[in-house]
Amino acid sequence: MDFSWLPAYGGMFFEAFFLTLKLALMAIATGTILGVAAGILLTSRFRLIRGIVRVYVELFRGSPLLVQLFMVYFGLPHVGVNISLNMTTVLVFTLYGGAYIAEITRSGIEAIPKGQWEAAESLGLNYFQTMGHVIFRQTLKIAFPSLVGFYIGMIKDSSLASVIGYSELVKKSQTIMNMTARPFETYIVVGLCYFIICFPLSKLVSYIEKRSEAK
Amino acid sequence: MFLDWLFPIYHLPELLRGAAVTLETSAAAFLFSFFLGMLFAIVRFHRRPLVLYPIVTAFVEVFRNTPLLVQLFFIYFGFPQFGIMLSPMQAGMLGLVANSASYYSEILRGGIQSIPKGQWEAADCLGLSRPQVFTRIICPQVIRDTFPSITNQMVLVIFGTSVLSILDVKELTQVASILNSQSFRSMEIFTFVMLLYYGVTTLALAVCRFCYRRWFAAKTERR
Amino acid sequence: MIEVKDICKSFGNLQVLKKVSLTVNNGDVVAVIGPSGSGKSTMLRCINRLEVIDGGSISVDGAEINGNDKQIRKIRQNMGMVFQSFNLFPHLTVYDNIALAPRLIHRKKKEELDPLVDELLQKVGLRDKKDSFPAQLSGGQQQRIAIARALAMKPNYMLFDEPTSALDPELIGEVLVVIRQLALEGMTMIIVTHEMNFARDTADRVVMMDGGQIIEEGAPDRLFQDPENERTRAFLHSVIGRQ
């Protein structure tokens, strides 16, 4: 095993690593906005709204991320929509993340005992006030571990963007690998980059979970 | 702008062949990774054998905190550096099983930890041997308690096979990609394939629900 | 015969058993009473090695328990244990709960197991529950099944760790009836219990524990009527006064 090339290419790795983080954070942000909105809609009393959102959620949770990437990346130009690679990637991750976060949000909301709604209602609060002041804070607490767990998964999933040519860690590492002809060591370093982000975060999540259980 | 939604239907045989590869690979990967994960869970739960515990823990943490794609590339492109040449399917299966086993390890370990101590004690007091206690008493309850997580991970294994397409394994996604590059009917093909995956996973989950009801359902109604 | 000699046991800094000695001869029915934290359950759990003693020795049928796994298993196969929280196996029917150990250890076949399970269920009065699951039974029924399960291995000794403490009051009686019947049949038993009247009626000998030690031991009538030790007197007064 030979890591002597590392200092020379270290800078490139660093840059690429931040590209991955950038993509992940953007996808997390937009995905959460879409997902929370969709999750709330999934608890609506209007069957039509629930139905439409449900179709979206089932579709994007019931198929692999890679296929979704291909569909949007290759398919949109054929229907006349021409957007940059960047936007395509963020779009797909938003839809993908949104679907999963919608489910997490929905089950978080439904986990709140009916009594909370009833108490708020009997105080005279309307739907939006109840949601904002009573329900949502509790939902966040319940959903927090699943949510952060999913975010950690997003960081790993961002690696698939390399397949459609998006510049992030895995894509850049292929260039480095071709230059150094050392795939074994290259991918160890790549793996390490993901590891040093994901491992502490997942330990943090289990620590928080344990603490809230002990209460 | 003209979309021919019947296009995928014309190529149904190839697509179904790809789906068959997907199903076979998924089933094999699921079974292997489940049993391997169970072994890992036992080692991690008992923290014994003392020599294996740190190795298994390291393995599990590495494979849980790195992307599947990187793991596959590592195996398929990295191993040949040391003379180990694997076919795409071999490398793919190896990566998928290692990856999924690590997740199963944690799922099952959590399940074992939540079995009340009294169950272990009662079984021990009857004089059962350790393996008997584990297979007859603990294991069935663990599977019952963690069933949703088990099926969830199974779905992730099915989705994981799509990543194998990058190594040119001829499963469903790769068949679709090839069709796409030949015909450029991208929207139709990939939408159809998305629906196919959805159908496959729904079917798999229904089978799981059936198995659960038949073998593991908790009987709680008072007669 | 079970011989407990000067056993000591600590959990961390807390010493729970301070040189406890007890001899149980074949056919004896020993009731162990005392306040919470006196070490009664711990002592019982040391006898079948659910807890490991820090000092002293325990001998069963003349052989000292030395930590050998095979030996412990053999001892446990001859010593039934009934827990406060029943610990029935939820995923098995009543039949399977009872038949499991004889099937796996004694390698009994169905032809032998069916009459065995029937006889035991008859004994505890639950013959019609053979195919039920534990979750479908009341607490008293579950505990009686637990007793049947322990008896399935035909042990020479039975240990009861507060068998009725987790039961609703109206369900306690049915379990005590079964235990009493066992005693009348000559089973060697150690029962840790809070049911004073039961102890008085059923036991040959009552052992009073407090603060990790046996502070008094004797025939039930004598001990309940005229305790020698001050603490025994105080304990009995606070408990029986309320029963």
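Letters are used for the chains, namely A, B and C, taken in the order the chains are written, and counting of residues starts over at 1 for each.
Keep in mind that, in the parts below, contacts are C-beta pairs under 8 Å (C-beta built on N, C-alpha and C of every residue); 3 or more make two chains touch, one makes a residue touch a chain.
Everything quoted here is computed from the prediction, not taken from an experiment.
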Q: Work out per-chain C-alpha centres and flag the one nearest the whole-protein C-alpha centre.
A: B
Q: Sort the other chains by how far their Cα centres are from that of chain A and give me the top one.
A: C
Q: Mind checking the centre-to-centre distance between chain A and chain B? Centres are C-alpha means, answer in whole Å.
A: 20
Q: Round to the nearest whole Å and give the separation of the Cα centres of chain B and chain C.
A: 45
Q | Between chain A and chain C, centroid-to-centroid distance (C-alpha), Å | A | 55
Q: In the complex, go through chain C and note every residue touching chain B.
A: 48, 50, 73-74, 76-77, 79-81, 83, 85, 87-91, 100-101, 104-105, 132-133, 135-136, 146, 149-150, 153
Q) Which of the residues in chain A come into contact with chain B in the complex? A) 58-59, 62-68, 70-71, 74-80, 152, 156-160, 162-163, 170, 177, 182-188, 190-191, 194-195, 198-199, 202
Q. Which residues of chain B touch chain C in the complex?
A. 116, 118-119, 121-129, 132, 136-137, 140-141, 144, 216, 218-223
Q) Where on chain B is chain A touching in the complex? A) 1, 3, 61-62, 64-71, 73-74, 77-82, 158-160, 162-163, 165-166, 173, 176-177, 180, 184-187, 190-191, 193-195, 197-198, 201-202
